[in-house]
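The letters A, B, C, D, E and F name the chains in turn, as written, and every chain counts its residues from 1.
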Amino acid sequence: MKQIVTFGEIMMRLSPPLNYRLEQASALEVTYGGGDANVAASLACLGLPAAHVTCFPDHQLGRAAVQQFRRLGVDMRHTVFSAGGRLGLYFLEVGSALRASTIVYDRFDSAFAKLDPAAFDWEEILKDAQWFHWTGITAAVSASAAQACRDAIKVARRLGITVSADVNYRRNLWQYGQRAQDVMPELVEGCDVVVCSEGDADDLFGIKADEGAANKFASMAEKLMQRFPQIKQVIATKRKTQSASHERIKGMLVEAGHGYQETQYYDITPVVDRIGGGDAFIAGFVYGALQLGSAEAALAFATAASALKHTIHGDVNLATAAEVAHIVAGNTTGRLLR
Amino acid sequence: MKQIVTFGEIMMRLSPPLNYRLEQASALEVTYGGGDANVAASLACLGLPAAHVTCFPDHQLGRAAVQQFRRLGVDMRHTVFSAGGRLGLYFLEVGSALRASTIVYDRFDSAFAKLDPAAFDWEEILKDAQWFHWTGITAAVSASAAQACRDAIKVARRLGITVSADVNYRRNLWQYGQRAQDVMPELVEGCDVVVCSEGDADDLFGIKADEGAANKFASMAEKLMQRFPQIKQVIATKRKTQSASHERIKGMLVEAGHGYQETQYYDITPVVDRIGGGDAFIAGFVYGALQLGSAEAALAFATAASALKHTIHGDVNLATAAEVAHIVAGNTTGRLLR
Amino acid sequence: MKQIVTFGEIMMRLSPPLNYRLEQASALEVTYGGGDANVAASLACLGLPAAHVTCFPDHQLGRAAVQQFRRLGVDMRHTVFSAGGRLGLYFLEVGSALRASTIVYDRFDSAFAKLDPAAFDWEEILKDAQWFHWTGITAAVSASAAQACRDAIKVARRLGITVSADVNYRRNLWQYGQRAQDVMPELVEGCDVVVCSEGDADDLFGIKADEGAANKFASMAEKLMQRFPQIKQVIATKRKTQSASHERIKGMLVEAGHGYQETQYYDITPVVDRIGGGDAFIAGFVYGALQLGSAEAALAFATAASALKHTIHGDVNLATAAEVAHIVAGNTTGRLLR
Amino acid sequence: MKQIVTFGEIMMRLSPPLNYRLEQASALEVTYGGGDANVAASLACLGLPAAHVTCFPDHQLGRAAVQQFRRLGVDMRHTVFSAGGRLGLYFLEVGSALRASTIVYDRFDSAFAKLDPAAFDWEEILKDAQWFHWTGITAAVSASAAQACRDAIKVARRLGITVSADVNYRRNLWQYGQRAQDVMPELVEGCDVVVCSEGDADDLFGIKADEGAANKFASMAEKLMQRFPQIKQVIATKRKTQSASHERIKGMLVEAGHGYQETQYYDITPVVDRIGGGDAFIAGFVYGALQLGSAEAALAFATAASALKHTIHGDVNLATAAEVAHIVAGNTTGRLLR
Amino acid sequence: MKQIVTFGEIMMRLSPPLNYRLEQASALEVTYGGGDANVAASLACLGLPAAHVTCFPDHQLGRAAVQQFRRLGVDMRHTVFSAGGRLGLYFLEVGSALRASTIVYDRFDSAFAKLDPAAFDWEEILKDAQWFHWTGITAAVSASAAQACRDAIKVARRLGITVSADVNYRRNLWQYGQRAQDVMPELVEGCDVVVCSEGDADDLFGIKADEGAANKFASMAEKLMQRFPQIKQVIATKRKTQSASHERIKGMLVEAGHGYQETQYYDITPVVDRIGGGDAFIAGFVYGALQLGSAEAALAFATAASALKHTIHGDVNLATAAEVAHIVAGNTTGRLLR
Amino acid sequence: MKQIVTFGEIMMRLSPPLNYRLEQASALEVTYGGGDANVAASLACLGLPAAHVTCFPDHQLGRAAVQQFRRLGVDMRHTVFSAGGRLGLYFLEVGSALRASTIVYDRFDSAFAKLDPAAFDWEEILKDAQWFHWTGITAAVSASAAQACRDAIKVARRLGITVSADVNYRRNLWQYGQRAQDVMPELVEGCDVVVCSEGDADDLFGIKADEGAANKFASMAEKLMQRFPQIKQVIATKRKTQSASHERIKGMLVEAGHGYQETQYYDITPVVDRIGGGDAFIAGFVYGALQLGSAEAALAFATAASALKHTIHGDVNLATAAEVAHIVAGNTTGRLLR
């Protein structure tokens, strides 16, 4: 089977144990993650061949990060090690009940942000791929990262590879002198599947749902597909966050020519780790698109995968395909399996 | 006071901390448990004299297991150490919310399964006992374990000791060439108190509740007592599992000549550890039968003990009799005790 | 800004990890706390200048305790180190669901209980203070501790400093030969703000709410202010404990001439640590009284602070003023903050 | 085989992990120990029937301490639980290289110190015993503890049981108004085997080695046996402490009528835990006296046991008799055993 | 570059933290290792392409083991997952000073022991290989494992691949009805490089060094090469174990036609983990043979690699080629590298 | 007593537990340190009033760092919190035996490096100071940090405050466009006491010991004092590193007009943590200069302090003055202190 390839930065995540505050921690738990790498890793856990492309500093920390994704089965062969730059970090303090989780990012000047686009031979990287996925965060990090993304999408298009994007607009990341509103449209133009919330559509593309629309998401998605005709599917999760310990999520999909679908809400309490819930959704959707018969089945699989992710520590959804299918089949009471 | 004696295998339990998956764990927490040993240990914690009879390999692991039950006050004097066989293990991954807990058993070829029935002098072991308890798992493990069980029940009957059994049918354990349906009836015949679910009654004895019975459990239990006239009480818990983190349980009892009784449901959220909840129920019932005035009081005590067990880490209910009585008295809001 | 000064014993708290029982713990987590010191520390975290006055044994444990409060920004300059006496301790076992948390105190004969009142130069200590806070526990510990408290209140009154007290009656602490009912009235007489529940008012002062009063707390508080005319505000939290893992709390206030106010209930599940919830409430109220415009705002701030404390490990509320204000503003769903 | 019975206080030991200082520890490791209880526990690990007699407060901590000695196989049946008093504690900071380990004791007013001598029925306790062991620390703790010790020795003498003592003089423990020099001689008078250093002999009994004696220990021991004719053996270890991480120890023995013997030095580096090294020596000597043919063999076994103890965490020597014999046989290079 | 391929069982290793005894551990640290897999993993860390071939049970534990070797960069593509059998385990208690480390094996009936030789397509597996390495342990485990080994060697020979073996005779492993003395010669016959101690040569092949030989190892090795003419190099490490915490090792080599060479001794104190020291030596030798100019350089590299391994936790030598070269260059004082 | 004030960057230090490699760590231990801050903290532990001046990012990490130095008693009042920049980090992997410890720095673009020199009001900061200490690392970090250092020294000189410097040349830190050789002389000119090795003197000032000098250090130091006449004392430690686990150190001093002195070597094995050993030496020397009678006594105290530091975890020497004096008095065998 051909690979799914993702591209983007991987950060070290440092987090106090349990619900401790950063100032209380005498040790910080170490995991690694990144919006796109999490998709590759989740796909590898689901059993599909996945590769991730990134750039690391050439020292112990970069090598440790490679090891953790290789452990999960991600093909890390294409990693570029560069002499300059650091490993991006983020510090996560996990909240509880009405206390929010908080993140302190420490990712500027990373090796990834300083990457040389010419270091990636996309023809070679994508020659055995069937799907390429990227996120708006990569485009936000630096001009060179955005350029590498542009290069990859171009090659992918030429090779007839499906392209997906999580547009994921984070205002305070865009600091390299270009506006997201100028950079993103060109990149999104080349995508077949897009993850996009109503807020992102407005912020990035000035696309708003119709005032009186019964279904705001569907209205936005239809307009998005009109603007970018290559896009065939717009997907998203909807969260009803009850507390830092209790989430409710459902999946939504608008397919060109087939309209809107959604799943039931999943109720998750207590939440073990909500980071990467969206990435698990995307990986589930890619899995479904490639392995299951219908968009409806893909959406159901994606949403169950995202729900399961909330019960798993770290950025990556470690669930197997059988475990996700078990949830899709309605086994949500967590009955002991011997 | 005379002893309660139990018989069966003790396994080492290896479990990742918190809700981590096995593949994430750099260390596994070690505890020890077994369906019948848990009953003895819970009884010791409740303050009654309890002994457990088992067989261990003669090395550090066997000795470590003895230590942990001795710590809780169980008389382990009758342990047989054998040169052959290993210590049975099980790996427990604790789920959360909609993710189920899972168990990987690694118990074949244990010293217990390979025990020599002649190594147990039941006349000696039971000479100061008032109650003998065993489980269907012991009968499932090997022909020699089943034989030792048979021997023990026979001696217990002759000495006028109360015999109880948790029939606990686990299909995939029965691999030594005999069928549970052939082995179990003879053993159950000698019992005064039996823990049996409707499913087990059907699978093991072909006993089904009457089609139209208002109370399926009561119907099954009456038939079971007709088939095995020695049985005077059939008990069980009923679980309404809400999620891996949320259980609801009640206790049920049918007494020969006194009909059906049940308790209210206890609501337990979050669940700390559900393993051994049934064993805690049995220990509570034995305690109640010996120390309290009525079957009703025993059932109430047993159910409260089982509920409390769900809040305690490990296989064994460490609650004292006073703590269980506190719950029976209605103190279920967990108000801080200074 | 002038300091808030608190006075009282600090104990080492030893607690098994997670929900383990004391007998299961191979290590105990160490924190430090005391009803009044927690108020000073919470105020320091909120950004106000706070000092705590106490007495420690002159060895590593006393120094370690000083360090932990100094870390949080509390001025510990006035600590008296004495050759005699020990460091008070308490052992906390954290319950779950229907299993209660339990505390074993080991605080008798502490250096604090044996303090020499003459060792504290209150004129010097309070010369830059604007508020003095003490609790009924200090008065309960020993005659000399009560005397030091009496001295401090007297100096505070003379210097025109606001005095607050948490009357906090703990029957089994009063063992030095005087009755709380004889000692406390004289001390409370000098207070401007008092934390007092209906039970405490009855036990300590024989004050009962009117039989038919619609609002028992308000009725009691009015009577308390009549008895002690210096008191201008009586405050308290009301807990509806659902389980050891789930609390509901609201704040209540009666102000001389302005009557009764209360907040909505906060629902906190799961509870991380309920110890110090009342102290966080008091610190929040002091903050509000000094920094916000109205008693209503102070009550709202105090109650939100107390709710947040339940999500934070240890005796002390580590929340910043911005975090508490975030809750007061209605952000109680714990939405991730990047 | 008849029991060896020991009597004395058991304390909870709280210690930072590794070589951390107390002020650095966010958790303290919990073990339990006491000079005489360690002897009983070491003997149980060596395979002999051992019982320990003590007094605990009647709450979770006392029960937890009982569990830990019961775990090791010590008969704790005779434990007296008393309503008054606390559990004695000690805080141990483990040094390294030139930094000394330090202990902060917190044992005053313990349930043991406050014991009622009448609560111990020594006739019953010692009826199946062959050996009784006590230490000078017990006599130091309180008048009632010294009295219980006196009672026990008297009954032991009458029953013809061997009595041993570790005289262990700790000046700052003697605070109950009597002098060690007045209390100890009467107690030591009834002993057959005594552990006594030259310093202790001088401090307690005013016995000094002859000025010009070639062997100071032998000279002192001979005089001690002259003063107390019941004593047949005087033993001790000699330490040449190189650093907190490196000890050298040998064993010494003077036997009435047989003169002086000593072993070679054992070199132990790194030291895992030196606490209880002397108690392991005594347990080894008792084992040797009862199981091996000669005083020489007993001394060799005792010294090897003490050396092994330095490699084992906690107060108690967990070595089996086979492991000690392995060392006695000269296997001191720690070659891997598969 | 072509792969180095190894074949053999991987076990889960469970070990108490630090120097704790098994009975003291409330958690066991988990790593994975196997004599041949360690060689592959060490080579991957040194930067060469390495693959390991093995058989695991098809459940979480097998998958976790795959992950850990994949993490280190070992190609695990050829892993066979089988329905039957368990994951082999071993329990390691790490000694200190004169207390030996001990291992309790629990590896019988593993999926590997029960492997089906036909499940391995050696033509395919070895088609891109340049070196094949196996150990005597694999031949000891079961007839089918020995058969798979035989198959592999045969294919390797035909493909012109270098074959190496660590003959590693463990008497108590050989329990499947065939004698090592009958099985091993045929397998060793096909090897180019052999790791063999004098003891193993005697036990397995009846080869003894000449009585009066100045160099026993050289004498044995010459005879071994005479018996098995395919062998061109016989290598081994010599240990002078000082204590469980202190090793001294050197490397030895006899090369057909070039005689004996040895390195200086390395002094390693303290030893962090001695398991896998021999496997690190072999990996170092393979690296040297392929990357460095001479047998002398290979031997020096191998011995330094083995010395470094003793400072690294786990079975596998995680050192990079640069780190080993740093030691070879004489930098053995461990000076801080910034 | 007047304060000792230090100035420089504080970094978060992240380190795997024990001797694990970075890639093996699932959690990293967190401490904080900086060459100059360590001096202030060590002085505070020795009992002198110390203040540290630095700049942190205005988020949780900066606040956590402040807390840790405040905990040790350092006056952190003058901390500047800036909106820009990050918290500098370093990753420390602790070696063992022949494996070196390694550090990966991640400190570029820190808030400290980006500090605004105008943000520090040195007149105010130094008004109650008697000593100012800085290091060459501060001058290396950025032009603005060097400028702040220059400002501080100028004010210190004017106020008649003693100035000391650890010249500490780290080539790869100097990346802001100026050469150390140009920046440092002007700064060192204003110093009374300088820590300087022969290598640093050559690299920074082109000062070499006389070719044939019997004492190279003395020769270099004399020349240094000739070049910079303000300098009255040149001090340094000499390390003879035996292995990553074994250090030998002595102290050296040349005083204007009094010539060379040195201490005996201290032998430290095992080393717990060598980071900050030089800073502990300086703090010890400052303590000695202010509290003890002679340069000789100061040197002895400084060297003992440095030796003790090697046995303490973290960057800071937590030893009290009494503990250092205990070592100076010759108590280096680490005998247990009760």
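Keep in mind that, in the parts below, a residue touches a chain if its C-beta (ideal position, glycine included) is under 8 Å from a C-beta of that chain, and two chains touch if they have at least 3 such contacts.
Protein names from UniProt, one per chain: A, B, C, D, E, F = Sugar kinase.
Model, not experiment: these values are computed from the prediction.
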| item | value |
| --- | --- |
| Joint neighbours of chain D and chain A, given as chain labels | B, C, E, F |
| Distance-maximising chain from chain C - centres being C-alpha averages | E |
| Of A-F and D-F, pair with higher C-beta contact tally | D-F |
| Chain A and chain C: spacing of chain centres that average the CA atoms, whole Å | 46 |
| Computed distance of Cα centres, chain D from chain B, in Å | 41 |
| Two or more partner chains touched - positions in chain C | 18, 21, 23, 26, 67, 102, 270 |
| Residue numbers on chain C that touch chain F, as the complex places them | 67-68, 70-73 |
| Residues on chain D engaged by chain F in the complex (per definition of touch) | 18-21, 23-24, 95-103, 105, 170, 241-245, 270, 274 |
| Touching residues (chain side chain E, partner chain B) in the complex | 14, 17, 21-23, 25-30, 59-61, 63-64, 67, 86-87, 89, 91, 93, 102, 104, 106, 108-109 |
| Parts of chain E lying in touch with chain F, wherever the complex brings them together | 18, 266, 268-272, 307-308, 310-314, 318-319, 323, 326-327, 331-338 |
